[in-house]
Structures are given as C-alpha cells and as structure tokens.
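In what comes next, chain A is part of two complexes: it sits with chain B in the first one and with chain C in the second one.
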Partner chain A sequence: MLKEVHMPKLSPKSDEYFFGSWLKEPGDTVKTGDILFEVETDKVISEVQSQEDGVLKEQKVAEGDSTKVGDLVATIEVN
Partner chain B sequence: MADTKTKPQWLKVTYDQTKVDRMNHLLDGLQLNTVCAEANCPNLGDCFGSGTASFMIMGPNCTRACRFCDVPHGKTAPIDLLEPLRVAQATQKLGLKHVVVTSVDRDDLPDLGATQFVNVIKEIRRLNPNTSIEVLTPDFQGRTELLDQVIAAKPDVFNHNMETVRSLTPKVRSRATYDTSLKVLQYVKAHAPKTTFVKTGIMLGLGETDPEVYQLMDDLRAIDVDFLTIGQYVQPSKKHYQLREWVPMARYQAYYQVAMAKGFKFVASSPLVRSSYKAKEELEAVDGK
Partner chain C sequence: MIYIPVDTLDIYHNFALEYYLASEKRFSEPVFLLWSTTPTVMLGKYQDALAELNLEYIRQHHINVVRRYSGGGTIYTDEGGYQFTFIQPDTQQMIDFKAYINTIATALNQMQIPAIATSRNDLTVNDRKISGSAQYKHNGFTVHHGSLLFNTNLEQMYDALHVDNLKLRSKHIASILERTINIQTIRPDLTNQDFAADLQQHVLATVTNLRTYQLTPTDLARIKVIAKDKFQNSQFIYGHTPTTELSKKHYFKGGGLVKFDLTVKHGILTELHLSGDFFSSIDQYLLAKSLLGRPFRPDQVRPILIQQLQQQPILGISADDLLALLFS
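For the complex of A and B:
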C-alpha cells in the first residue's frame, strides 16, 4: 500500500518552509523514526522523522524548494 | 559582521509528528497558552515530543514590545479566574513532575499580575502536591510588595530573566532595566525561603562581549543567584532585533566553565538552552529530587 507523506506543521507561526535536504533516496528502506528529510523553518533546521516502515517510493519535493504545510512531500510503499 | 543568514548545523532539532500531534491534541482542549507555541520555541518538537510544556498565563498578548521576543504585543485580555484551575488540571493531565509557569507582562493591571501567579501556584500545588513549581516572572516593575506575594506562595524555583548584558538592555528590552531586574533577583534571594532557588537567563548573539558577560555573571553572583541559563538568540522575524552572531559552541563551553567557577549551583550553556528547557533535570541535579 502506498502512503503519502505530507509536510507537517513545524512552526506554530509559519506555514511555509525552505526544503533543505533528503536523507533517504527512492528505493531506500525506511523505518519509523528514521530521518527522512531536513527543513529550515524560521527558527531551526527540523529533521523530520518517518511515521511509517517501508520503502521510499518517490520524492515529490526537491532540495531548495519552498514548501507549505500539507504539501505532498513523498510516497512510501508500506508492506 | 559574521554570516547570520545560514543556520548553523547545531540549530538542528528532530521532529516526531505523531508525538507533537498528541501533545497539541491534549493542549487544545485545555484553553491554555504555552510559551512554547506563543514564542515559537525551537525546542517545541523536543519538549512536546517528550510530553512537557511551559504554560504562559494571562496571555496571549503582552503589554511590552521587547525587540527579541516573538510573543505578541497588544490588547490584553481580562484575568481569567478559572485559569489557575486549568493550569493545575493540565499539570495533572500531563503528569508533570516539574511545571514551569511564565506570563506575559501585565503592566495594565494594578497588581501587574502577581495575584494570578499566586493563585496558579496554589492551585497547582493543591492538585499536584508532589510536583515542583517554577515561575518565570516579569519584573513587576521592581515592586517589592508584589514580589513578596509570589515569594510567599513558595515556588521551588523563582526565575526572572536578565535577557542580556547591561549595555544592550535598553536596545533589546522594553520598559525594563538591567538594574530593576537585578534588584528583583536580589530581593527574591534575600526574602524567599531557603528552599526557593533563584534563577536567571541570558541570550547570546546580540552583540555582547566576553567582559560584559563576565561582568553580568559577577553581578549575579554578588547577589547569590543560584542558576544561570545561557542560550542562542534566534531572530523571530526581520522586524525583530537583528541577530549579530551565531555564537560558536566553544564560547558556550567557556562560559559554562567560568560560570561554574564563579559559584553558580547550576549552569546550562548551550545554543538551544531556553529558560525552561530541561528545567526539571536542572532542579533534580541540585536538589536530589
């Protein structure tokens, strides 16, 4: 089953973030708690953890993109 | 000026959406403000993820407009007489062993908010007799009769932040002076029960120099302040006080060494340290709780 990963709300006061970098590539196995990607908010660099066990299928956002809360970021193939 | 646009790698935090959502859900039903959210704290994910939060009473709007602070300045709300009970219930619901209560400045009130602090402390203690209580208060304009009220409620930790060194205080803070804040800490230390620890905190990266920081430490030790927290200022927006420097980790370590040598009971000095961050662990370290 394919699960969608959406941009979480990382800052109480802003909804638009700078997408930093991917720590998992398509085809990589991911476990719950693994860092998927880094995002720069107004105050910090947030490492966002996977909420699923599976295989990263597709990255929907590129490094350097501006992303909004709720945007589709990736898909994970879950067993 | 050093590069302040690029965030240093140590300004990195981990975010677990499930845990943060669970905490937000718990807090949503309580009609309380947290300084975590109102000040857009960089540690929110960490603290919410581990089930802790710091309550901000009498808010969300503040009567002062300090240039470093993200808490909104604006029209204040009437005092909510049920807020003390809700803070106490939230403490119970979250199972907090140590609770931090701070507030906005309420220069509009005759008692500047002192009575609400007292009522919150009393209610927390009534419902949570084994929870230690830390207050992080405004300066109450240095009025000792108001400090007496809060002292009499016997918080375990009385925190009032100096925020920065003497020379930068007028540029960074609003309607607050270095000497008034020192006087507050001095008065509390001299008049509070010996069981109350006195604490303060400062931010780095505002343009302060080493000698100024050491002078501040000496000023605090001269009045026997117990705890000192030192953390990195992160500019909330372009409108706020301009960040001058991402202070290197080595300087935090140096300040820690010097501050401990000067006699503080506990010093937390690291970029992501905030007044209430890991406050429970801090109290446990000195109190054997």
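For the complex of A and C:
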C-alpha cells in the first residue's frame, strides 16, 4: 500500500519552508523515526521523521524548493 | 540547568561541542554555554558561500569559514563578540525561540542594556541589531545559539560579508542586511571580560538547580573528531550548494574590461567563460581547462592563475586582480 507523506506544520509563524535536503533516496528502506528530510524556516533547521515502516517510493519535492504545509512531499510503500 | 565553561576560541571545536552535547551526551537538563571566537564567518546551513562571502578578503585576513547546522544568515564573529548556546531535549516539534531570547534580553536589561526582542528573534537597541539567533533540531534535541556584538570589528564584518556579483543564480537562503551596533557603545564602562562575566552571572541567576560540568578527556577526544569530520570538512563548508551560476565584471584601469561567467556545482568549477576588451594572447580554452574540475576557492585557484598569467600575461592585470574579481 502506498502512503503519502505531507509537510507538517513546524512553525507557528510560517507555512512556507525551504526544502533543505533529502536523507533518504527512492528505494531506501525507512523505519518509523528515521529522518526523511530536513527543512529550514525562521532560521531553524528541522528534521522530519518517517511515521511509517516501508520503502521510500518517490520524492515529490526537490532540494532548494519552497514547500508549503500540507504539500505532498513523498510516497512510501508499506507492507 | 548545566553550565559548561568553554575555554577555547576555536569555532570548529565550539560547534562540535554543541553537536556532541545534542547528539551523544544528551543531558536531560538544559545546558548553557557562553563562548567567543577568533575572526570567523559563519554561514547558515543552506546558504551559498559564493553569494555571501568575500572569499578573497577572508583569505587575505586569515578569517575562519564555517557552516552552521542551524538556519538563517551569515554572521561575522570575533573576540569582540560572544556566542550563547542553549541545548535541551525537545518538548515539542514546533519551533520556539521566546524562552531563550527572553533569558538573554532580561539579563541584558538588568545590565542597563535596553535590549528588545524583534519579530525575527533578533535583539535590538534603538532599532539596531546587537544579537541574532538560530536553531537546529537534531535527534530530539534543540540547539539554540545566538551572537552578541560587544566590540566586534564592524568594518571587518562588512568587508568579509560584502560581495559583488553581477549575476547570481542558486537555490539558497539569502542573508538580510541589518543595521548593527556594538553593546560597548551603550556601556563603554565595561571591558570584554566584565561583559561576559556579568552576562553569565545574570543568566545563571535565573536558574534553579544549577550545576557546572567540566568536559572530560573522553568528551574532548570525541569533540575533536566531530570538529574534524563535520565542521572543518571543506566539502560541507564549500560544497553544500548544488549549483551556482555567477557573473563577475570589472573594469581595470589600464587593463580593460574583464568578465567571467561561471558555474560551480557542489563547490567544483564546472564552467568558465572569460570575455572583455583586455589585451592578451591568453588561451581561453587552456585557462578553462586548467581550472575546471577543481574546488572553486581562492587558495585553490590562485596558484593556477599565477601560473597561467606567467605564460600568457594580460596587460595591466595581475593574477591577484583576477582573483579579487572572482571572489570579492
């Protein structure tokens, strides 16, 4: 089954974040709690963890792009 | 709260100390550090060194370059400034600056320095910035660090962070230029040592259950490894930006107009085009060939430019002139 990963709200002040970098690539196994990617907002670097166990299927946002709360960021294939 | 005395001005050690405390030591209580640096420029995590730094000035003045794990803009620090750090386990995923900023603002106000927190989480006095803060969240811990200008060399700050690009294209976080002031102009009666001691005393006075922790030889050995692997790593410092497209142009009196168009990928020069109305038989292809594929930094480019211009001089323009154009 395919699960969608959406951008969580990280800042009380802003809903638009700078997408910093991917820490998992398509095909990588991910476990709950693994860091998937990193974003910057309001001078803060935040790590976003996986809520699923599975395999990262697709990255929907590129490094350096701007991303909004709720945007589809990735898909994870879970068993 | 745990207070850890920091007795080195080495930025690589001090950033490694923060990282070590958050990633490996992981005290359950908040940690407070107060420290300083030798002349240093600190890039935010997702900033482009070529967009923010006058690398030729920095080379000439032996200024350290480091990339933070936190976000935000580039700052310049030296022995005339102080850095404060709070490290603690996360209580929530949501970002919060207020508690940290307020602790410092309250201490400063008790020292008759009328600091006000702004919406950008800076501290200002009379609308001039004296302090900026940034954070990173790592593995369930928050590292909040900030700078305080006490009697920093503001001229050197300006020169190190002033760079002229005719054109610049890269995906990065850009710095915001703000008007700054040194705290010593408000409290000229204080020496650096007075200021640091007073600030430390006022911050720690707000804390219950304070204890001091001295770093052990085991701690210091790990910090040394982290400093070398992470913060002194030139690939992390200079190779972090995926692609930068740059144009640089200058008219040299007695030499003519020189224009460079170049592309740098992860710190490596991948395209170079030289144009202008200078007088030289320099072979554009050979110049590009000698530089492409190498790290695009003054210390790496300088010997090659010197060698190339020895063979094919440009009338009225030296290798150092070209270096200044490329990196200033």
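We take it that the second predicted complex is superposed on the first by the 79 of 79 C-alpha atoms of A that agree within 3 Å, B and C clash if a C-alpha of one lies under 4 Å from a C-alpha of the other, contacts with A are read in each partner's own complex, and residues count from 1 in each chain.
As a working rule, a contact is a pair of C-beta atoms (placed from the backbone, for glycine too) under 8 Å apart; a residue touches a chain by one contact, two chains touch by 3 or more.
Owing to the predicted nature of the structure, the values given are computational and were not obtained by experimental measurement.
Enquirer: Under the stated touch criterion, which partner chain does A:G27 make contact with: chain B (first), chain C (second), both, or neither?
Expert: neither
Enquirer: Thinking of the overlay built on chain A, is A:P12 touched by chain B (first), by chain C (second), by both, or by neither?
Expert: It touches chain B and chain C both.
Enquirer: In the overlaid three-chain picture, which partner chain does A:E63 touch, first (chain B) or second (chain C), both, or neither?
Expert: second
Enquirer: Please work out whether A:Q51 is in contact with chain B alone, chain C alone, both, or neither, and reply first, second, both or neither.
Expert: It touches chain B, and chain C stays clear.
Enquirer: After the superposition on A, what does A:E40 contact: first (chain B), second (chain C), both or neither?
Expert: both
Enquirer: Under the contact rule defined above, give the chain A residues that sit at the interface with chain B and also at the interface with chain C.
Expert: 8, 10-13, 40, 42-47
Enquirer: Which residues of chain B touch chain A once you look at their complex with the stated criterion?
Expert: Residues 7, 9, 11-18, 20, 36-38, 40-42, 44-45, 70, 234, 236-237.
Enquirer: Touching chain A in the complex: which residues of chain C?
Expert: 44-46, 69-73, 93-95, 97, 120-121, 132-139, 170-173, 242
Enquirer: For chain A, which residues count as touching chain C in their complex?
Expert: Its residues touching chain C are 8-13, 18, 20, 40-47, 63-65.
Enquirer: In their shared complex, at which residues does chain A touch chain B?
Expert: 8, 10-13, 33, 35, 38, 40, 42-49, 51
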